[in-house]
Structures are given as structure tokens and as C-alpha cells.
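Per-chain numbering from 1; labels A, B, C and D assigned in written order.
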């Protein structure tokens, strides 16, 4: 301590200092470039290497992209137009646009149906994705699966209507009984729904119109990117409840229940999806009662759902494990029984924690739906590798088609992962 | 709305009763007896074809299937259901075709499949005849300067997996004591891509398939088929083992197409032939005489409809793969026995 | 359990099956077991009925029959006359080979990209972010197809090397990059080569021994020996000396264009390269994210604490940050390895003879034994996955933070 | 104050624990516990960490299972019958060290959840009750906030209100103040004192000796899973008998 202060250590600040601006820096783009691109020698070399790489990439692809031909009707015509110059033949995309999106067998005058279903999909998932939207919109989310089913497959409207009615009645019965006992409510709901479905089936048969409003389309006529979307959405939504059940089973204290879940999860996670698709393709039909003939689309949905439910179960299990034990104890001490505690306290929190993980699984699964092309379903890759490349007109246009498929997948997957990151940030700042 | 759609719809309705999971409707019938009943109840014939081989089975730009194998499917549908368009074409790969048939997903497989002993016996199928006598050949670029398959020592060979050609290839090179390196491909399109990129020196498959493939090249003249045919490939449609009635129906539809050519019945003159003919066999075939249709559980005009669907064998051949088409195949072994070929339909009696 | 003060034993009532915690769990488990058995029985009886109807039977006899087809890349002896079982072994070894190679390169790609994503160089950071996002968001199947197409369409065919004025030539006269694969010189093992190899192995052990000794010396006496140069010397000098002393017993076999293809040396087939590279670069993007997350997970406080203790930045990285980051990185890394192994089943797309392509592909097609082949196939992958999971568990337990 | 409190103790037995034993595997956590709590009694349990105090009170509402001996709460013998367990849990409220509020529900929802789902109270009535108790713990204005937006002391008071909404006859407190900052301890203790003055039967595991002196009518000292000493607070603090109690008290009061 210096002499000047020696006489008086005591000090009282009478007035607070006003905040001052930071000292002036050398600003401008030049400084930015120096700081971010050439701060050290090693970094400068890295920058130059990166620039060279970028140059190679762009000089290789840009002329090809920009010089693309959009209005030819076959590859040979494309080549004529290009006349030896580098350039893509994007006309395959415009000419086969519908086939790439809907497969080659969906009735062409009905393309508006899957398109409308896609548009409505955004409306249906919006309240799920953005919690700020009014909760009433969830009603539409509940109706959507039946609506979409009817739009895409067509046929008489009574099927989806009674299916929906069954669900509604079942839910009403469940909601009425759930205050008493979850088990009774669940059983009651299922029985009520089954009764409605049964009666509805009979009524529906009787009411069958001479000509359905929407022409029926068999599921093997589905194809293209639409098939990827449908498989992805159907399987992820079906596998969520199964995944939750598996996760709860795996966390359970009952050794047999736990054992069954562990074996199922580890088995499914241990084998590649493609072998499961082989099962769907060559084996699963043998496991259904003779003569039931479940078609390939359903068999594939079953196997992919099994696959994703095992992965989702693991994510949710992580969420369950991350919850503090106190939450379970608090629920117990208030006298909540197991279904109540799970439904009201544990699962809402565990699912919230698991959302990013579930989204990751969903993105992965959506990408993996391309594997169905290996078992001769005509998804977008199946269309490219099959009918389009096999046709005399477009034999040999790989890059344009694969680029197109890549762009589609990138848009969807990148969009979902950006959403997931937004949600993660939001949940992090949200009330805990 | 036709009968087929109506039937499909009844099926769809029932599934809704069983619950929401069964979303897409029942498809195939039982993997047991009475295929005919199933097909009739469904109103559609489920016919397995390739995923795309020009001339044999490929969807055109409108998504309609066309080709040599497709025509056989349509003839069967016309005979059984009275509508040549009442066919659901199920594309199958080399891997999936047999399971699709065995599991009842398809009723009839017309996918240039080679008739072999083990497929007929061990895999429990019945080949109902031969619609194309083929043999495995090699295609090479002219620039390679190879004139015989025996010169291919050390070559890289593109080969479609899951076919008998794969085994024939191994046998051929083994027998001649020369080496090769296989490049397995899944589809004909990929085989073509690999071959054109020079990733293999030669592409081998059925000679008819090679011709069909070469026809789609930018410069077909730069490629030659080598003279050796290294295998017998009798290609024929097949059905499940055990349903002999269904086997009979399909067998005789195919025979009717072949016999029609022999007897000079074409889709153009068929009405005339049916109306007034002195040839008793034609009359039996046309259903104006005898009860052949009844014997196989169909009506009298079954064969007439089958022939009217896409024409007789010769017409089908000419329209899809004949010399006038880009595929450009000569009749060769596939000529009528009267012309020195192997086609020989048993008598309709 | 039973003492006088215990609650009096109530006589058993059926309602206790549901209301009493002691019986309730048994009740549920019995129900679960019954449902499981019923499900298995149902599926099993359907299977039996269907097989009977189709006249098929389950038999593994076909494994001993000759396979009849050829395989282009085999590490173990195989001809078309070998059994289907041998073909399956070829497939298994090929699966393990491509998985192993891809795991190594994916790790390299991933670590580089992950570290560079944290670089303070803006351009590099963005470039790496682009790499990660593009590769993560496009299906691996498309990548495999694209890379295989690049391999076959963009690389020269062997015929391009032919002629007086060839369109392509070999690199350094000994490496040939063609659309059928890469041909590199292979070793020829002469007499005495085992001694050279043995010397090399001994040197490797020697390097580890030296480093261990140096660390021990540091701990015991505080003397820090130089590490890098002695290691290099120990590694190379004895082997080189031995090599020349024995008269250069190991030679190189250079590939050369003979007939249709290059012969000699080591051939790495195009399918293997395409699959290897596609899996590596795809999974590398995922690993990059893990690496980045791992490094970021080590809290800044750790670095500051280490710095406050006076450690220099290199040592901070080695002694404090990396051990903690690895704890975060390695579990997802191993599950990425698992994914590589499972994704290698897509070999079928490029015609690489892995287990899915041999047993699950050609053998299945040629014999028609679908159920048997698929069951064996799943069994193989299951064994591999469980094996890798076991390794992961051992690692997790070993590195678990000791906490109360 | 202590005297007025003492007068509310009735002869009616609220909890009777007889010769209760508990093991974690081979580890003997609770050894021959005998304890009778009368209605209106306020008992403070203290002891070094790991002495089994928390385990003891967690056994009372069956959060932990005991292996030997008996526990009787309000005349109901605790058995493995779920109905028994549910009955006891709805009679016994519990507050935890870490509050264990449900973070995804608002304060009000936290308080109405159990009355609605367990007691089947109509929602409106449950909300009125909840507001009543929230007023009592002096945070009615926070009813629509989420737990994460409240301070620790407020959260613990909500936790107490949440328990009270079930109208329990007995309250268990498991170190309710040990996770709190010093300035928040008082607000929680005040709430507890108020509760005690109303005659609530309370079992409280805590190291707040001031609270024990002021409110408790019995202090129990546990060590190594046994009840070592119990006495009225004055006697307990001023004249501990067992050497272990003396050592413990000297350590926590010594500075």
C-alpha cells in the first residue's frame, strides 16, 4: 500500500462511476479477415488450403450446374443440346417429376390427394412442434391420420370415419374412467373402440356407395418420395407409444417384463435395418395366419416400426434415468399410483428431455427409409435405380437424379434438425 | 367402376373392422389351393415381373407395363377374369421373386425365370411351360478385340446376382480352365452402367437380355455379342406347387398362345376364325366345339380372350422383342416347330 | 421375515393377486409370460402351417453344398466349388475387413473435422460445418451410390493405361488407380523376412518400454527424458539394419497391366474402396459432432484450474482436457463403430461380397433358403453388436467417475 | 410457547413403530426401532449423516420397505397391501430436502394434482383448497408460475402447501432446510412453526436446533440405525445422557 493512502484506509464511495464505452478498436472488414482467416501462420496455410479446396469444388460443379438443360425429353436430346459442353441434364427431373415424387403407379389425375395430405400435415404437426399455438389445433392433429389415410388410399369414406369414431368413443370412455383406475379405463376404452369398429364395419358395408368419392389406390401403387415420407411419418408416430412402453418395461422392477423388453430392444438394435427388411420381405409373410396375405407395405411398416421403437425406447430410457429420483418419491408420497405417477409426473418430463434424441432417431429413420429400395419397393431411390435409369430415354443420368434426391433429403432432414436445435435452446431457457 | 375395384374395396372395408393398423388393404390370397377362386374373388391377377427390362417387362412413361412377359400375364388375366387389364404387376428382383410367389403375394411369376431342376422340386414351384428359349451370352465392346468367350482369361465380368447365369458363368470359366473376376450387380441397369463405364470388360446375361440392353445404348454398333452361348436358359412362367388346377389353367393359356400361331389365329382374324372354321382344333380352341373351357373351370371363350388380349405368340414376340423392335431378336429357337424351332404346343383335344 | 411383531399373516384371498405388492408383481409377470408364450406359439404355429402348406422345411443342409458362384475379393481360400458355409465365412471376413478399415478412417475424418470445427479460422469452421451438415442429412445409401458411381464413372478403366499414348498412367510407376480398384505394390516375402518382421515387432515393444521407463524416471527422480527422437530411433534403426544385414529379403511386387487387368501387387477392389470411403466420410460427420461435443463438454473451469496450477497448454490438453473429453467421446464413438458395422450391410449396393451379399444375397437366391439365411445373418450381426456393446460396457465401467 | 404446544398432545396414538428393522442388502440400516408418536406431537430427529434418520421417516409412508417389525399409522397396519399403502400415504404428508416439486406443472397444478387424482376432489374445489394453503404459506401470488421461477425457500413452502392440500394428519419433514441458502431457512421454519402451532403431528429430520428447542416436544437422537437417546428438548440439549449425543451436540453447537 502506497504512502498516500497510509493515513486513511477507510474509504466511502460517494457517487457511482458512469459506465464508459470500451476503448476504440481497429474495426472494418480488413481486421475481420485478419482475425478470422490469417491470425497465425498455420491458420493462414489452413485458409489457403481451404480456399483451394473450395475453388476445386466450385470450378468442378458450377459450370455443370449452371449449364444444365431443363427442356429435353431424353438423354440423347440433352447431349445434342449441350453439344459437347459440360452441363447437367436436369430435364430428367422435370420430365419424371411426378414419378420421382409419387412413384410410377399412383393415378396421375389423383396427385392432388397426396399433395393435399402433405399440406395438411404441416397444419397437423404445427401445434405439436410449436407449443405456443392454441391447443385447440390438436383436435385437427388427432383427425389428421384418418384424413390422410383416406386421402392417400382413397376408397369409401366410411372406413376412416368409423375408425376415427371408434378412437373418439374409446377415448371418451377412457377419459370417463381414468379417474377411477387406469387399467379399467384402458380396457374400457379398447372394448368401446372395438365395438364401434365392429358395428361401423357392418354399417359401412351396408352404406357402401356405388362409387367412392375418392378412387381406391392399393398400397403397392405408392412410391417415390411420398413413400419415404409416409414410411417415415407412420413408423415414427407408431413407434413412439411402443417405445414408451418398452422403455417403461425396461425400467421396471419385474424381472420377466424387464427381460422381455431388454431382449427385444437389444435384438432389434443389434441387427442392421436391411436384415429386418429382408425379414419383412422374405420371412414375415410366413408368420401371419395362412391366407391373410398382409401386403409388403404393411410388413415393411411393421419391421421399421419395430426397429425405430427399440431406438426410441433407449432414448426415452435415458430421459427416465435423467429424472431425479425425488420426482418418483414425491409422486409416491402424494399417494399417486404407478399409472398416475407415470402419466402425470414422470413421462411428461422424461419425454421433454428426450425430444432432441427422438428427433435424431426420426431423422435417422427417415434417411433409412431409402433402404426399402433394396427390397424392390419404389421409393425415390427405387424409382431412380429402377424404372428411370432402366428406361431407354434416361439411361445414364446418375448425377442429376442423385443430386435431386439428396437435395430433397437434405431439406427435410436439415429442417428437422434445425427445429430440434431451436427446441433444445428453447427448452433450456424455458422454466427449467 | 369395374368389378375389380369393387372387390378390392370390399377387402379394404373389412380391414378397417380389424383395426387401424391394417391400413392398406389385404392383398394376396392364400398360399394354398384354389388360387383361381382367390383371383376371381379379388378380381385381379397378381403377376410378378422384373423391375424393368426393356422388351420383357418395363413400365412406359405412363406407368403402364409393357413387354413380352407382361403379355403373358395379360393373356392369363383375360382368360380368367375377362379383362386383360385386371392385372396387378408386382415388380420383383432376382432375390424377391420366389418368396413373393411362395408367400402368395403373387399368383403367377412371369419374370424370365430359368426352369431348373431344383427350382421345380426343392423350391416347390411348377413351371407351366417355356415362353422363351434362351441361352447365356457375353457382350463385349468391339474395341476390346475379343472374338470368343474363351479369350476372356483374366477379364472382369459384370453379372446379375441371384440368377442362374451366375452359376453358369462360374462353371464355364472353370470348365475352360481360365480365370475371371466377377462384379456382381443388382439390376440390369447397374450392369449396363458398370459395363459402359469400363468397370467390367464384358457383361453376361441371357442373350435376349443382352440384345435388349444393347438396344438402349447410345452406340449399339460398338458392342458385339460373342458367339458362345454357354448355357440353356429355358425361360418360363411358374406357379406355386400344389395347386394343379391353377397350374393347368396357366399352362394351357400359354399353350393356346403358341397353338394359335401354329393354327394361324391372330388377334386380327380371330372373330372370323371363331365364326367359321373347318378345322376342329381351331373350333375346340375357340370354344365353339367341345367343352375344353369347362374342363379347366373356365367358360368356353377363355382361349379366345387370351389370344385377343395381346395377340398370338408370334404377334407378342414381334411386337415386343422381334426384329422390328429396338431389341431386334430373331425367332431362332423360338420359331414354331413347323419352322424348325422348338415351339410345340400339345394338341387341344 | 416372520416374527411375533410382524403383521399378522392374512389368509390368501384372490383379490390380493392385484392389490398386494407381494403378489401383484408375480401376477403381472405371469400375465406377461403367458402373453409372450401365446404370441410365440401363435407365430410359430402360423409359420409351421404356412411351411406345411408350401411344402417347405427348415434345414441347414444347404450350407454344406457347393456354392457354385465366384467371389471377387476373398481373404481366405475360396472357389466356386467351396461350400455355402465357406462363402459365408468369406462374407464375414469381408464385413469385418471393411468395418475395421472404415472405423479407422472415419475416426480420422471425424477427429480432424471435429477439431477444425472449433478452429478460430472462420472459413475452415464454416467448411467443416458444411461437411458435417451435408453428410449427416443425406442418407448413407445415396452416398454409397454416389461414391460408387464416381469410382466407376470418373476413374479411368484399365484400358486407358494401354497403348503407346495412354490416357492415364500409373502414379510413381507403381500405383494404379482404376475404376476397378486400386493396385499397389505388394510385398514378396523372401527367406529371412520373418526375422526382419520379428525385429520390427520387438522395436515396437521397445518403444513402449522406453516411454514407460521415461515416465517412471520422471515420477521417481523428476528427470524428464526426451521422448520423440529416441522413440523414432528405436522404432526404425534395428529393423533397417536387420533388413540390409540379411540382404534385403523383402521385395516388392509391382502391379502391371497384363491382359484385361492389372496383375500383381495388392488389388483393392472398387466396391471395397467405395464402401469403405462412403462409410468413413458419412460416419466421420457424426464422429466430428461427438468430438466437438466432447471437447466442449470439458468445462472451461478445468482448463483454468490447470492453468492456475502452472501447466502449459500442451500439458493441459494431454493431462486434463483429453482424458475428460475422451470419457464423453468414446461411448458415442463406439456406437458409431457399431453403426458402421451395421451399415456395411449396404455392401449389396456396390457388389462388395460381405456377409449380406454372400449369405443373405447370392446364397439366399441360389438356394431359396430364405428363412435359414436371414436367421443366420441376423445371428451374425447380433453377435458382433453384443460383442462391441460388451467392450463398451467394460470401458464405461472402467472410466466411470468415482462419485459418491 | 413450548408449553402451549405441549398441551395439544393427546393420548391418541398417531404412529406406532414396533421393533422395526431394515437392511440394504446385508447392511443393517435400522435396528430395533421402537417409537410411538401421539397425535399432536412434534418430534425432531437428529443424528450424524448415515444414521438412518431419513430412512426411518421414509419407512413410515412406505417409500422404503422395512423387513421386520411393524408400523402402524392412524390405526392402519402398514402391510404390502396397496390399499393400505395408499391409505397411509394419503394420511401422511411429506416434504423433501430437494422439494421435489414437479417442474412441468405450475404451482397451482402442483397443489391440485394429488387431490384431484387421488382424493377425486372436483377441480374447482381442489383449486380453492390449494389457494387457501398457498395463502397460508404466503405465496398465493405465485400460483401460476412454474417451480423453476421461484426461490428455494418459496419452493419449499409450496412443497409444504402441496402436502397440506391432501389434508394429511401427519407431516414428515426430511431435512427441509438443508438445501437452502441461510436467508431462506427462516421463511420455511416460520411456516413449519405455524403448522406446529395448529397442532399438526410432525416428524422432522433436521439439524435446526433452534427449531427443535422452540417447537419440538421430543427430540430423538439416532446413530448407527438405532435410537440412542430421546428426551424433551430442554433436557436433551442441556443435559444429554449418552456420550455419543454429547459428542454430536458439541460438534454442531460448538461453533
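As a convention for this text, a residue touches a chain if its C-beta (ideal position, glycine included) is under 8 Å from a C-beta of that chain, and two chains touch if they have at least 3 such contacts.
Computed from a predicted structure; not experimentally measured.
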item	value
More contacts between chains, A-C or C-D	A-C
Chain closest to the middle, measuring from C-alpha centroids that were averaged per chain	A
Chain at maximum distance from chain C, centres defined as averaged CA atoms	D
Separation of chain C from chain D, taking each centre as the mean of its C-alpha atoms, in whole Å	55
Computed distance of Cα centres, chain C from chain A, in Å	27
Distance from chain D to chain B - Cα centre to Cα centre, in angstrom	82
Rounded Å distance, chain A centre to chain B centre (Cα mean)	40
Overlap residues in chain A, where contacts from two or more other chains coincide	282, 285-286, 290, 374, 385, 398
Sequence positions of chain D contacting 2 or more other chains	82
Set of chain B residues in contact with two or more other chains	30-32, 95, 99, 103, 186, 193
Chains grouped in pairs wherever the two touch, ordered by label	A-B, A-C, A-D, B-C, C-D
Of chain C, residues touching chain A in the complex	25, 28-29, 32-33, 36, 43, 46-47, 49-51, 53, 116, 119-124, 127, 133-134, 136-142, 145-146, 149, 153, 342-343, 345-346, 348-349, 356, 360, 364, 370-371, 374, 377-378, 381-382, 384-386, 389
Interface residues, chain A side, partner chain B - complex	76, 79, 99, 104-105, 108, 149, 153, 155-156, 158-160, 162-163, 167, 194, 197-198, 200-201, 204-205, 208, 210-212, 215-216, 218-220, 234, 281-282, 285-286, 290-298, 301, 374-376, 378, 385-387, 389-393, 395-396, 398
Residues on chain C engaged by chain B in the complex (per definition of touch)	50, 53-56, 68-72, 79-81, 149, 152-153, 156-160, 179-180, 258-261, 263, 270-271, 348-349, 351, 353, 357, 361-362, 364-366, 368, 370
Residues of chain D defined as touching chain C within the complex	18-19, 67-70, 77-83, 85
Residues on chain B engaged by chain C in the complex (per definition of touch)	30-32, 94-95, 98-99, 102-103, 118-119, 122-124, 143-144, 152-156, 161-163, 166-167, 169-171, 173-174, 180-186, 193-194, 197-201, 240-242
